[in-house]
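Below: one structure in C-alpha cells.
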Amino acid sequence: MLTTTLILGLVLGGTYALLALGLTLQYGISRIMNLAYGEMTLAAAFVLVALFQGLGLPPLIGLLVIAPAGYAVGWMLYAVMMRPLVARAGTSGRLEVDSILATFGLLFLIQGLLLLVFGANFTSISYLTHGVNILGVPVALNRLIAFGICLVAGGALVIALTRTRWGLALRAVAQTPNSAPLVGIDVNRVARQGFALGTALAAVGGASIATYQTFSATDGVIFTMKALVIVIMGGVGNVAGALIAGLALGLIETFVATAIDPGLTLAATFTIFLAVLLWRPQGLFGRG
Amino acid sequence: MSLLSIESVTKRFGGLTAVDDVSFTLDAGEIVGLLGPNGSGKTTLINLVSGNLPVSSGRITLAGATLTGRRPDQIARAGVARTFQLVRILPSLTLSENVMIPAVFGAKAHWGAEALAVAQDALKQVGLDDRADMSASRLSYIDQKRLELARALAAEPQVLLLDEWLAGLNPSELAEGIALIRGLTDSGITILMVEHIMEAVRALCPRVIVMNSGQLIADEATETALTDPQVIAAYLGESVDA
Amino acid sequence: MNNFSRRAALRSFALVSTAASMLLTGGVFAADDTVTIGYAIARTGANATGAGITTIPNYELWVKTVNEAGGLAMPDGSKRMIEVVEYDNRSSNEDLVRAIERLASQDKVDLILPPWGTGTNLAVAPLFAKYGYPQLAVTAVTDKAPEFAARWDRSFWMLGGGHDYATGLVDVLAAARDAGTINGKVAVVSVADGFGIDLIKGARPAFEEAGFELVYDESYPLGTSDFAAIMSEAQASGADSFVAFSYPPGSFGMTKTAQAMGYNPAVFYISVGGAFPIYPGIAGGKAEGVMAIGGVDASSDAIKGYFAAHTAAAGNPPDSWASAITYASLEMLEQAVARVGLDHAALAGELSTGTFETVIGAVKLEDNQLRDLWTVGQWQDGSFRAVSPADRAGASDPIIPKPEW
Amino acid sequence: MRRYLPIVGFLVFAAAPFAVSDYGLGLLIGAVTYVTLASAWALFSGHTRYISLATVAFYGTGAYVVAVLNETLPYGLVLIIAALIGALMALLVGLSTLRLAGVYFVIFTFGLAELVRQLITWYEVNVTGTLGRYIFLDVTAREIYWQMLALAAVTIGLTAFIHRHRLGLALRVIGDDEVVAAHAGIPLARTKLLAFVASATILTLAGAIASPRWVYVEPAIVFNSTVSFLTVIMALLGGANRLWGPALGAVPLFFAFEYLSVNLPNTYPIVLGLLFIAVVFVLPDGVLAGIEKLRARWKRGAA
C-alpha cells in the first residue's frame, strides 16, 4: 500500500511540478504575477489536441512544435504588454498591482478566444493510455511520459540555472533585480527570456496534461492555483524548490486521499500552503 | 545621569555577529559621532536602538526606561527619532503631511491645527516651510534629506539618531547641513550620528564612538580618536573622507 | 481632497443619471407577429460546459425547427415566428437573477426558458413564480422536487431526484447479485457538491436495504483531477461493483485511470458525462458495458430522428440523459401553446395536466414532475441504452459483468 | 450646498425603486452591491496597498451564515451574527497574515478564499450531510436594495470619517512605507488590523444582505472568486485611495459588464479582457487621478 501511495504520489507530483516550473520563472525572474498562466497552459492543451485530431500529429511530436511556439508567444507578450508596465513601475511596488490587473485581462481574453475557437465542450484524447507496471503498481504510460518530461525539463533547467553564465544572470535578476544592472546584466533582456521560457514551460505542461486529462476552456484558474501554491511552497524563482514542492504536494495529496479522506485533499493543499506562507514566506527551500 | 544607555548589546545574524557586546552612554544634550568602516555595525546599532531590529542580548535604556524588547512605534513614542541611511520619504503625501506624522502619532499625539503647527515649525527649521503643500515625491535629493530631518524633529524627540544624514551632499549643501545640525544641538536635543564625513564630525562632535567588526574600539574625544592607532588601523584601506 | 470628493460626487451623479436613463428605457419588442422567447444561459464560467452540452444546442435546435416549420402554432391555427432574446448569466446567480428580471420586466418576453443546473433553477424559481412564467426545469436533480412543485405551482421538475437514480442503480445491482454474477460488495465515491451528496444520501440506505455492503465510501472535492489514489483504493476493496456519483471531469478521469491500472470491476458505473456522445472516445473505444446515469430508448424511431437532427444542427449527437428530456420539454411547451395560447396561467395548467407526444414518448406529468425516467443506462454496441427501470417498455438487458477494457 | 450633495444623492437613490422596473431595481442592487464591496475593500487596501483577494471569503461567508441560520433565527439577528462572524474571521486572519508583505499577502488571501470554501464543503458533506442550502426569506428586492444602499452609505461615510481621522493618515503612511510608519510611532499591527476587520465586516454583511436573492446556496456558488477579482478591478479603476474612487470604478464597470452580457454574449470575455488591459495602460492610477491629470494639463494649456 505504501509503495502504491508513493508511486502514485510521485507521478501526480511530477505533473504538478511541471505545471509550476513556468510560473516560478515568470514570477521569480520577470516579476510578473501571471494570473493568465492557467489559460496559457490550456491554450497549449487545445492546440495539442487540434494538432493530434486535425493533422494526426502524435502528441510527442506536437510538443516539439508547441514548446518553441510558446517561447515565441511569451517573448512577444512580454515585449508588447509586460515591458511597458515594468518600465512604468520602476523600482516601486506597483508592478505587482499592474501585472495582476493586466494578466487578469489577459485571462479573460484567452478564455474568450478558447471558447470562441474550441467551444465549451470537454476535450480529451486517448493516447498511450495503457498501464505500465512499476513495482507492482499500474501507472498509465501517458502519465509516466508526463513525469519524464517533468524530470527532463526540470533537471535541464536546474543544471542550466546553476551551471551556466546565463543561469547565473537569471538567478541574479531573480534575487536582486535592482543591483543586477550594477554587474552588467541587461535586466530587461533576462526578464523577457524568463517570461518567454516560462510561457514555453506552461505550454509544455499544458500539452502533456492534454495527453491524459479531460479539460474544458474554463479550467484555467484551477491550473493557475495549483501552480501558485507550488511556486510559493518552493520559493519564488526557485526551480529546484518548485520541483521538490510539486513532488511533495503530489505525495501529500495522495497520502491524504488514501489514508485520511479524499474529501480533504484540496483543503490539505491550502492548509499546507497557508502554513508555509506564514511560517516561511520565502518558501520551504528559499534562503533566510 | 546618562540619557541613553547601551549595555552589552549584541546582535547576531545567523553565524555573523554584527554588533558584539557594545556598551556606552549618552548624556542629555550631547552630540556624539558614531564612526567605523563600512560593515562595522553602525547602522545595525542604530536599528537596534530604534527597534527596527530586535537585540540578541543586552539592554538599551532611555532615561532609565528599558527600550529593548519594545516595538519601533513604542520606542518612537518614548522619545527616539531617526533618519535613514537611504532616505525614506513618503512620496504620496505632502511635505506638511510627511512631517506631521510623528507629531500625530508620537508621545504628544497632536491633532488638527496643533499638529500642523508642529509640522510647520519643523519645516521652518530645515527651510522647507514655503513648500509645505507640495507633494514630497517632487523634492530634490537634498530637500528630501531635509524633509526627513524635519520629520524626525517633529517627533520632538529626546534622542535623535542620524544615519549618514550628510552623505551625498555637495560642499555648499554640506556646510548648510552642518549649520543646521549645530542649530539643533543648541536647542538641547541629544544626537547620535553615524557619519563618514570627518569634516562634519570634527565640526559637530566633541566625542566619538568608533566601531570595527561589530566591536567598540574607541570611545573618546574626537581629536584623540582620530590619532588613535587602533582607529587608523581599522580605517586602513578605507578612504576616511569618502 | 475634500474638494475633489465633492466634484467626484457631482460627476458620479451625472454618470448615474445616464445609467438611470438606460434603466428606464431599453428594448421594446414588437410582440404582434412574433413570439419572443428569452433565456439567460451560461456562455462563460463554470456552468458554460454543462449548458453548452445539454441546454443551448437543444434550445437552438428547437427554435430552428419551429421557425423552419413556419413558426409556433397558436390555438387559432395561425403561426408566429419565434424571436429569441439571449443573455449570458456568466455562471453567476446574481447575474442570472438580474437577467431573468430583465426578460420578465423589461423585455416582457412571452416565454422564458430555464437556465442549466440545479442551483440556478432554484435561484430563478421565485422569479418565475413572481412573474407567472411556467418554468420547465429540466437540468435540475433534486429530491425536494415535490416540495418545490408545491411551493411554486408553475414550476415543473423533469429530471427526478438523487433518490430515483440511486434506487434505480441498486435495483440493477441487486438483480445481478441475486443472479450470482456479482458479489455483495460495492465501492462508491461521490463528488462533494449538491448533486453528489443527493445521490449518495439516497444510495446508502438503498444499498443497505438491498443487503449490499459499502466496502469503500468516500467523497472527493469538486476540481479533483487525479483519481489514481481513489481508484487503487476501490480496486483493493474487493468490491465487484464500482459506483461513482461524479461530474464529467471525474467520470472521464476515473475511466481513464481504471483503464490504465487494469481495474476491471464487473460493474463500472459513473454519473454525469457517462451518457455524453464523447464518452466512447474518452474511453478509447472501450465504452462497452460501462453504466451511467440516464439513458434513452435508443431503438425508438423518435429518439433516432432526434439524434440525427441534433447531429445535423449542432455537429455532434446529444447526450443520452438530459438532452432528450430538454428537447421533450420544449415540445411540451410547443404543444401546450398550440392548445391554449400564450396565457401563462392556462399554459401552466395545460403543462400540468395535458399529455404530450415527444421524442421520449408520450409525457404526462405527475404533480408537475416527470416520473417516467430512465435511471441507469449502459453502453451497448455503440449506443447508450437505458437498462433501468427494467420493467419499462424499451429497456435493454444489462450486460454484467462488463467486458474487460 | 455641496456638503449636502451626498445626502440628497442618498435620498434620490433611496427613492429610486419607486421609479424603475424590476430589472432596473435588479441593476441598482447589483451596482450598489459592487459600490459597497469596492468601497469596503478600499477601506483597508486602498491606502495600505495590501491587495486582498479574500473579498469573496467574507462575502460568501456572510451568505452562508444566512443560509444556515435563516430558518432558526430572526433576520435582523442573523445579520448581526454574520457581521460578528466576519469580524472574528478577519481578526484571526489579520493577526496571522498582516505581517506578510506584498505579493505574499495577495496569494495568501487568494488561498484563504479557497480554503474556506473547501472546509465548508467538507464540513457540510461529512458532518451535516446537506451541501446545498435554501434561503426562503420574505425579503423583497426593494428591501435588499435599501439595506445594501444603507450599507454603502455607511461604508462611504466610514471611509470619509477615517480619511479625516488619524487612522486614515496612519493607513496612508503604512501604504507608503511601513518602516517609516513604525518609527513615527504608528502601531502597525493594530492599525492594519482595525482597518482589515472593519473592511471584512462590511464585506461579510454585504454577502448576508445579498444572499436572499440567490435562494439556493452552495460553496461553489457563493465562493466564486470572480467577485474578488471584480472588486479589486473596480476599486483600482476608480482610484482605491480616494473616497469616491471605488464607487466611480464600480458603477461604470458594472454597467459595462451588463451591456456586454446582453449585447455580446459570445464575445463578452474577449471584450472584457481587452477593456481591462486598456484600463491598466490608459488609466494606471484610476479614473479620478486620470481626470485630475487631464485637468492639470488643460489648466496649463490655458495659462
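We call the chains A, B, C and D, going by the order they appear; numbering starts again at 1 in every chain.
Quick note on the criterion: a contact is a pair of C-beta atoms (placed from the backbone, for glycine too) under 8 Å apart; a residue touches a chain by one contact, two chains touch by 3 or more.
The structure displayed is predicted, hence computed values, not measured ones.
Number of steps on the shortest path from chain A to chain C, with steps defined by chain touch: 1. Ranked by how far their CA centres sit from the centre of chain C, the chains are topped by B. Chain D has the C-alpha centroid lying closest to the overall centroid of all protein C-alpha atoms shown. Just count the C-beta contacts per chain pair and the biggest one is C-D.
Between the Cα centres of chain B and chain C there is a gap of 72 Å. The distance from the centre of chain A to the centre of chain D, with each centre set as the mean of the Cα atoms, comes to 31 Å. Here the spacing of chain B and chain D, counted between their Cα centres, is 42 Å.
Listed for chain B are no residues, as none touches two or more other chains.
In chain A, the residues that reach two or more other chains under the touch definition are 111-112, 115, 261, 263, 266-267. Within chain D, residues 118, 121-122, 125-126, 266, 268-269 each touch two or more of the remaining chains.
Screening every pair of chains for touch gives A-C, A-D, B-D, C-D.
In the complex of the two chains, the chain B residues touching chain D come out as 50-52, 71-74, 76-77, 81-82, 84, 88, 90-93, 97, 100-102, 104-107, 111, 151, 155.
Put simply, chain D touches chain A in their complex at residues 49, 51, 96-97, 100-104, 106-108, 110-112, 114-115, 118-119, 121-122, 125-126, 225, 229, 232-233, 236, 266-281, 284. The part of chain A that touches chain C in the complex is made up of residues 1, 4-5, 8-9, 11-12, 15, 111-112, 115, 119-122, 124, 126, 129-131, 137-143, 212-218, 222, 253-254, 257-258, 261-263, 265-267. Across the complex, chain D meets chain B through its residues 166, 169-170, 172-173, 175-177, 179-188, 241.
Of all residues in chain A, those touching chain D in their complex are 33, 81, 84-85, 88, 93-94, 96-98, 100-102, 104-113, 115-116, 221, 225, 228-229, 232, 261, 263-264, 266-267, 270-271, 273-274, 277-278, 281.
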